[in-house]
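My structure is below; once you've seen it, I'll send some questions.
Order of writing sets the labels: A, B, C, D and E. Residues in every chain begin at 1.
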Amino acid sequence: MKTSALLATVAFALAASGGTATAADNVVKLGASVQLTGTNANTGRYYQDAYRLTVDKINDAGGIKIGDKTYKLQLDILDNQSDVNLSVRQYVQLLKSDNVDFLLGPFASNFALNDSSVAEKYQVPMVQGGGASGQIYSRGYKYIFGTLPPADDYFASTIDMLGKVDPTPKTVALVAADDSFDVSVAEGTRKHIKDAGMKLVLDKQFRDGGGEFSSILSQIKSSDVDAVLWTGHETDALNFIRQAKSLNVNPKDFYSFTVGVPTADFRQALGKDANYAFGMTSWLPNESLKDKWFGDAKSFADAYQKKYGYAPDYHAASGAADVETFAYALEKAGSTKPDAVRDAIAKSDFDSLYAHVKYGENGQIDLPQIVVQIQDGKLVPVYTDHMLNKPQYPIPAWGKR
Amino acid sequence: MSAAEPPILQAKGLTKRFAGLVSVDHVDFSLARNEILGLIGPNGAGKTTLVNMISGTLRPSEGELAFKGERIDTLPSYRRAHLGIARTFQVMKPFPGLSTLDNVAVGAMFGTGGGEKSRAKAREKAREWLEFTGLGNRLEASADSLGGPDRKRLEFAKALAMEPELLLLDEVMAGLTAVEVDQVVELIKKIRDQGVTILVIEHVIKAIRSLSDRVLVLHHGEAIAEGDPATVLENPQVVEAYLGKRRA
Amino acid sequence: MIRLAIILVGAAILACLPFFTGAVFMQFAINALILAVLTQSWNIIGGFTGYVSFGNSTFYGLGIYGTAVAMVKFSLPFAVGLGCGAVLAVLAALLIGIPILRLRGPYFAIATLGLAAATGALVSTIDLAGANTGLVLPLVRADTMFYELALGLLLVCTLTVLWIATSRFGAGLVAIREDEDAAATMGVNTTAYKVIALMMSAFFTAIAGGIYAYWISFIDPSSAFDPTLNVRMVIMAVFGGPGTVLGPLAGSFILSAVYEVLSSWISTAAALLFGIVIVLAVIFTPRGIADVLVGVRRHGWRYLTRNIRENRL
Amino acid sequence: MNETVLSIRKLTAGYGGAPVLFDVDLEVRAGEIVALVGSNGAGKTTLLRAVSRVLRAEGGIAFNGEDILPLPPEKVFSRGLVQVPEGRQLFGAMTVEENLRMGAFRRTDKRTLKESFEHVYGLFPILEERRRGLAGNLSGGEQQMCAMGRALMAEPKLLLIDEMSLGLAPVIVDQLLDVLTDIRSRGVTVLLVEQDVFAAFSVADRGYVMETGRITREGPVSELGDDPAVREAYLGA
Amino acid sequence: MLLVQILVNGVLLGGLYGLMGLGMALVWGVLNVVNLAHGALIMLGGYLTYYLFTGLGIDPFVALPIAALGMFVIGYCLQRFILNLIVRSAMLNTLLITFGLSVVITYLAQLLFSADFRTINPTYSGANFAVAGITIPVVSLAAFVIAFVLAGAVWWLLNEMTIGRAIRATAQNLTAARLYGVDPRNIYALTFGIGAALAGVAGGLFGILTHLTPYVGATLTAKSFVIAIIGGLSNPFKVILGGIVIGVAEQLASLYLGPTYIDVISFGLLVVVLVVRPARSLRAA
């Protein structure tokens, strides 16, 4: 018994003697803890890959100038195993023992919510492109910035478009997951639906990750709505479509999903059943998006595809913009002091492969969503504030495809 | 039986049914203070069920049960233990992970009147009872390391440490050799001499004969005979149902 | 007496640690201390009473939410919040305990598991508790305070367990664990004892939850009612030796350290290795570390293969 | 003299390093009923467990001339060495009939199964009456009958019976003893371990007395029953 | 009409639930092992079916028996070489070791199959037909039928076959079974193998109906758990019935209370069943 107590103390002490690495000169260290394993690993990898690619690109181009010295960026990435508690610990570790200078974010709103507290606690800026929930920015924190547009406006452009198509949907069903991000989306969407003069006849919330929609689908069928607006996570979107087909549920005109549609995995998993699905993205690899390091968004996408073997989506682009935010802010601040950099980030104003980056008062970027649709297995941008391509509308019933 | 004092235990119309099967069927009996009552009967006659109803492990489906004139048939087991009823189990139930001393100390701590509140004093008492039952040299042995006869002694010590007024013994002699049976009979007599009333369930007829003041015979849940051992054990009905011709 | 000395000296040494270590260690240590409190609290109901509870994460969640709702929605101070969480959890233990502690063995374990899942799911539908989106607590930069609080709680909890191990109450609990029917007929008020043990367990668990909530500053149902946390409590207690005073502490500190080392050194394979460690530990040391120390002293390293021989078919 | 069915030579066995049996020699010949008596903890049950190979042991155990020490329990069983264990050990949630069928688990000649059933039901009519009932719901005496019936279904050459009379009413014990005699008349050899020396000696041919892991006396029961030392130790005053 | 459709959905879903619970109940009832790795085995069965379908082009329903066979082998080996080492230690230890195994299986799966989600998506996966205005998805119906057929097979095995009786005998009394010629090492491994095979089929169907990731196991274990308890451990058909009860209860809860209440209902039901049927629970203790 005595020995076991001793053993415990030793183990405890061992963990106490964590390593203390010293940062090399002329290097700015960026740190992030992302989901490389566990339930969120599927999307988490976008962030690791985008961070890597962008840091390498910036270093290859000679690094960044701070004052009159040239600095290289260095990237420390830890795997939080999709465990929120671990990710919080890892961010502290990054700051306090791995001595990183600045923080990049994890994926998903609930992680961003927890991890940004570390940034705020130690007053080191974190720029994250993985959480869109309004909750992250409503706490009055000063050190958290985000490159995903506000969740409440995700459906704004979609609803805008619905006003301009024929026939215009009159009745709408809203199906939303119950997590932080989707609750924000749903709240905003209800308002947009009302403003557009449409009628919300079915408003259903489901357990995030539950994957079981037959009851909701049967209710959609019996209420015979014109359009379905759906928000949740990717696998749930997948199940929703598959179950809609097997229960033969067809909204009269239209359905749209906040996530999934832009990703290649999603289209591949669903095959032909993915066709006609509408979705949205805050980013498309257009040549019109000019970038200091990559040239434009398309070259970014090509480089990414070449290096990692899969196509980037808006998660990746948003992650790249996070790294670039630091690059611009460091040069502008002319210092690596956290407070100086923080103020420089707040004043960010630059074009990037992702978008024009400019943070609002609360630290969040504002971007319109581009409405996209899968047409014959291809992702086609349809609408921003005007029609880009002709939508396949209304969506044909399952039996008539 | 002294006429002046009310019986220490009185059962009236005691009945237990399990899912329609009647295990004990309207049994009446009483126990006078300081008496030894032998309870015999074929397997499945309801003897253990009867003991379970007295100790509170089972609730009677019907009937009344009084201890020293007070109704106890709805009290939970621990309350009956506090009143002074202790029992042993047919399948012995020591606390296997504890030493013999701690096993018996539980009895001393929680027995009649709620037991001894101080753990140290309870262990002191437990030591005395282990001496009394002949286990004084095995205080620190773990209970599941004890062999058959020692287990029975432990079972006795646990019950005695509760300082009961009524002790229910369920087949404490099963599996003992004739000589060991004689030892246990002596032990039980010694306990009775301390003023304890005892109910004994047993198949060892020799022991029943030499111990009991009275014998009660159960068959199919009904009391078929009651009286002094000699008479009951010659009752033809008892011989037919239970004893067999060879032993009568 | 020796145990009391070890506990007090250990606590005194640990209390000084914040002055010699950095923020990363604090971060790890607060987590480890909270886990140790959870393990030690579980030990009261699981180790001493023998009721393998998978419902302690319910009390943890209630402690977290009691504290958070009181602080966020009613602007009460932290201390009052802790009290709310504790009262909530203890009441829940009382109400839940009476029906559920009638079940035995695996049935109790499963009922508590179901309960934990149901409570988590229920809380995530309550608007006052922020539904499934969680609650944000005010941010405090005071890790040393949280560390000392958690350490203090662990000390009180461990002293309580020490008292249990040496008291009449504890003897009653152990009797229930060893044989409940026999305990009842020997005069132990089994229902009351079990429920009280569960309430004590719930109390410490809930306070730990409250400290965690304020420290981490953002909570949601999936982190507050995490069922794997309960599995971790069980593993740590069993690894250390359930039903002992110091075993659960040793178990939780060692496993916390192992997990931390694994996840910071070999990040991606950490969970895999952790799983393998559990499997091997169960095979070679089925009775916990406390028993390993005794066993190895007696039988040398053959103790390990001996365990297999005893437990295999 | 009949041939030897079971021959045990210098058998040592025990639990977890602590030996319980020391150099036990014992012999059972075809057609005999042999009684093994002794006080509690003398090692009688340990001996049976060693013989049926559930327990590690050293020394020699030969069954019909074959060394069975290296065999696993199921092989020993297949050779026709069948045990009725202490405490009956029925399959409580299975019907009486299924319990009997389990006795025939290793039998390959399923055709004669019906005869075996008839034989067992003939010996214990109550089992036929209760054949659809669960074994766990039987009374103690009926359970012992079921256990013996199950053993007989295996068509044993040697039957080991452990504490047959334990916890049974005298009238039931008498019935079972009668059945033993009947079984023997059909050519089954029996080794009976008993606490109740009266009962055991009333049907056995020869007896062994075991004390603290050693055989101390052996001989025909008539001689053993008259031996004053045995009388004093096991038959009581 | 909506209500009827919802009930049909619940019943069909319940068949698959029941099949998930079946393997769990078998292993639990026979080996007294609450197999926390059951969900991980379901997941593994799903991936096996997936690779047979996408890799070798075998129709998923043809692939099911092959996957079941593969899972049987895996299950047999797990029990024979790992779980048999600890069967005689405390019940808690079997819980811990199966938990450890579930972690190992999950993260091995992640290394082998990556964290990406997969679906088994044959051309007919969304096929359906209508009866009196009620839509019936073909695959769900097939899953339902398969669940019943397999429950029947398990029942037949346990009650009418010698090996099945040996399995039950071993479950009830290990010592006696050994004395009567049963080799428990083999029987235990066989039982666990059958449990794993049932999990494999459930996994394949699960993959056709929804999606697979290496992490789906934990939820499925919990679900199988609930169903095994509600259905009881003795009769395979009752387990399927338990699945249907849960399926219908979830759908009704989803309709009347909202889908976020699904877990409250299924786990709440579990607790209620345990508490109001204490007689059975106490007897089994």
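The definition used in the following text is that a contact is a pair of C-beta atoms (placed from the backbone, for glycine too) under 8 Å apart; a residue touches a chain by one contact, two chains touch by 3 or more.
Just so you know, these numbers come straight off a predicted model, no measurement behind them.
Participant: In this assembly, which chains make contact with chain D and also with chain E?
Facilitator: Looking at chain E and chain D together, no chain touches each of them.
Participant: Give the fewest steps needed to get from chain C to chain E, where each step moves from one chain to a chain it touches.
Facilitator: Step count on the best path from chain C to chain E: 1.
Participant: Taking each chain's centre as the mean of its CA atoms, which one is most distant from chain C?
Facilitator: It is D whose centre lies farthest from that of chain C.
Participant: Just grab the chain with the largest centre-to-centre distance to chain E, centres being mean Cα coordinates.
Facilitator: B
Participant: Hey, which pair has more contacts between C-betas, A-C or A-E?
Facilitator: A-C
Participant: Distance between chain A and chain E based on Cα centroids, please, to the nearest Å.
Facilitator: Chain centres of chain A and chain E, defined by C-alpha means, are spaced 35 Å apart.
Participant: Could you tell me the distance, in whole angstrom, between the mean C-alpha positions of chain A and chain D?
Facilitator: Distance between chain centres: 75 Å.
Participant: Could you give the separation in Å between the centres of chain B and chain D, each centre being the mean of its C-alpha atoms?
Facilitator: 31
Participant: Measuring centre to centre with CA averages, how many angstrom lie between chain B and chain E?
Facilitator: Computed value for the inter-centroid distance: 48 Å.
Participant: Which residues belonging to chain B are in contact with no fewer than two other chains?
Facilitator: In chain B, nothing touches at least two other chains.
Participant: Which chain D residues touch at least two other chains?
Facilitator: Not one residue of chain D touches more than one other chain, so the list is empty.
Participant: At least two other chains touched by the same residue of chain A: list those residues.
Facilitator: Expected reply: 37-38, 178, 207.
Participant: Which chains touch which?
Facilitator: Here the touching chain pairs work out to A-C, A-E, B-C, B-D, C-E, D-E.
Participant: Of all residues in chain E, which touch chain C in the complex?
Facilitator: That would be residues 34, 82, 84-93, 95-97, 99-104, 106-108, 111, 184-185, 188, 218, 222, 225-226, 229, 258, 260-264, 267-268, 270-271, 274-275, 278, 281-282, 284-285 of chain E.
Participant: Going by the contact rule set out above, which residues of chain A touch chain C in the complex?
Facilitator: 1-5, 7-9, 11-12, 14-16, 18, 36-38, 78-79, 81, 84-86, 88-90, 92-93, 95-97, 110, 113-114, 117, 120-122, 133, 135, 139, 141, 178-180, 183, 207-208
Participant: Chain E touches which residues of chain A in the complex?
Facilitator: Its residues touching chain E are 37-39, 41-42, 45, 178, 204-207, 209-216, 218-219, 221-222, 234-235, 238-239, 242, 245-249, 265, 269-271, 273, 398.
Participant: Spell out the part of chain E that touches chain D in their complex, as residue ranges.
Facilitator: Counting only chain E, the residues touching chain D are 162, 165-166, 168-169, 172-173, 175-183, 234.
Participant: Taking the touch rule as given, give the residues of chain B at its contact with chain C in the complex, in rising order.
Facilitator: Residue list for chain B touching chain C: 55-57, 76-78, 80-82, 86-87, 89, 93-98, 102, 105-107, 109-112, 114-115, 117-119, 122, 158, 162.
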